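Report on one structure; see the data block that follows.
Letters A, B, C and D mark the chains as written, and numbering starts fresh at 1 in each.
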Amino acid sequence: MTDTLRLTVLYFAWLRERAGIAEERVEVPAGVATVAALVTWLAARSPGHASAFADPGVVRCAVNQEFADPGSPLRSGDEVAFFPPVTGG
Amino acid sequence: MTDTLRLTVLYFAWLRERAGIAEERVEVPAGVATVAALVTWLAARSPGHASAFADPGVVRCAVNQEFADPGSPLRSGDEVAFFPPVTGG
Amino acid sequence: MARILVQTQDFDTGAELARMTAGRRDVGGIGCFVGTVRDTAAGRKIAALNLEHYPAMTERALARIVEAAERRWTLLDCTVIHRVGRLEPGANIVLVLAASAHRQAALEATAFLIDWLKTKAPFWKKEEFLAGGEAWVAARESDEAAAARW
Amino acid sequence: MARILVQTQDFDTGAELARMTAGRRDVGGIGCFVGTVRDTAAGRKIAALNLEHYPAMTERALARIVEAAERRWTLLDCTVIHRVGRLEPGANIVLVLAASAHRQAALEATAFLIDWLKTKAPFWKKEEFLAGGEAWVAARESDEAAAARW
């Protein structure tokens, strides 16, 4: 039984600037099994992280390069990216 | 008092082919004072003209390079063009 | 300001785009449509299209259409180039460009210009079939409907 | 079949059009949109846009958008090229091309592709102001509405 998830977390645009990091590898308790739970867990890591996630309503997420919801499940090995609403084109 | 109108009449696409002529100058009685009256007058000129105007519903018209209706008035000196619905682009 | 041309020779879309935007810094988007000759019409193979127009009227009609677009959208520039004469499959027929600060205006104006051009500019197409024979292209109700939605 | 590129270098719209239609005789119309950097945003003068993206995800997201277009319209080919990095006013940002046998499909697919790209592809823009300072561009509700209409 694995009781932790190993995740790669990426930050883009102003989330990257606020978190102060572009990419980190984290090991989270198995109970952190959804995107929403990961946000709560990450926000407690540093004042920068707290600032990045201060308004979860404007944070978007992708799991393994696919758009995900707060309720999307996480598995060990996932790449989880956080970013603001996209503004390309 | 002028009792005739001098008109330049142009034909395009299959109206030109059926009429057998691309452009003609005609002098019509003053009573031929609308596009519709001109069509009736022209259709009597030759079997080719009759064929060109056999179905007036599919004939479009411009007077002095502006789209016109059957009821549009004519004046001496006008350039009157007849053609099928346009198919450019 | 708009560039309106009726010509037998081909056009260079890249060069027209470059010409429209040269030195400009206020353009946010350019919509573009290029119409080309297909080799098939209603299941019959085409050798060529012959495009006829009413020279004294054509550029005026195109200018009216461009003016109508300029009344509906805030455009920075427009280009309409229509070829006439004999055009073989693969050849360019028509180019529409519309530049605006905003993409919706540019895209909508482009669609408007080609829809109106198809129903309000004095061009006529005759198809030359590969198997011989020829026929004038009939106006399509779907083109009338497309023009009427604006 | 679609050509999807994310790159720092400029693109050549004329060359992309030529590449798409080379040797083809089945194309009736090509819709095209070119997005460019404006020198003004919300009344402030812009020195440059900095475009960031999520490399592992971007081309996949663009491919999904193209697939969605191909499900909705009968397209012969598509091209989507998006630039990243620092882009000054007047520079090209994005190119969309959609070729079809029929103009409506080409034009609608072009508008669809740029609308969806604006809301479903992982790009972010930061404005560098001429007067100093910078700011991330906020997503616009009008872009969401444009994407939602399809």
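For this structure, a couple of remarks:
We take it that a contact is a pair of C-beta atoms (placed from the backbone, for glycine too) under 8 Å apart; a residue touches a chain by one contact, two chains touch by 3 or more.
In this text the structure is predicted, and so the values were computed from the model without any measurement.
The chains touching chain B as well as chain C do not exist; no chain touches both. With every chain reduced to the mean of its CA atoms, the largest distance from chain D is reached by B.
For the pair chain C and chain D, the distance between C-alpha centroids works out to 23 Å. Our note on geometry: chain A versus chain B, Cα centroid distance of 74 Å, whole angstroms. A separation of 49 Å divides the Cα centre of chain B from that of chain D. Shown for chain A are the residues that touch two or more other chains, namely 89.
Chain contacts: chain C has residues 35, 103, 114 touching two or more partner chains. Pairs of chains meeting the touch criterion: A-D, B-C, C-D.
Across the complex, chain D is touched by residues 10, 12-14, 62, 65-67, 79, 81, 83-89 of chain A. Across the interface of their complex, chain A is touched by residues 35, 51-54, 56-57, 60-61, 82, 93-94, 114, 117-126, 136-139, 143 of chain D. Partner chain D is touched in their complex by these residues of chain C: 12-15, 17, 21, 23-40, 89-90, 101, 103-104, 106-107, 110-111, 114, 142, 146.
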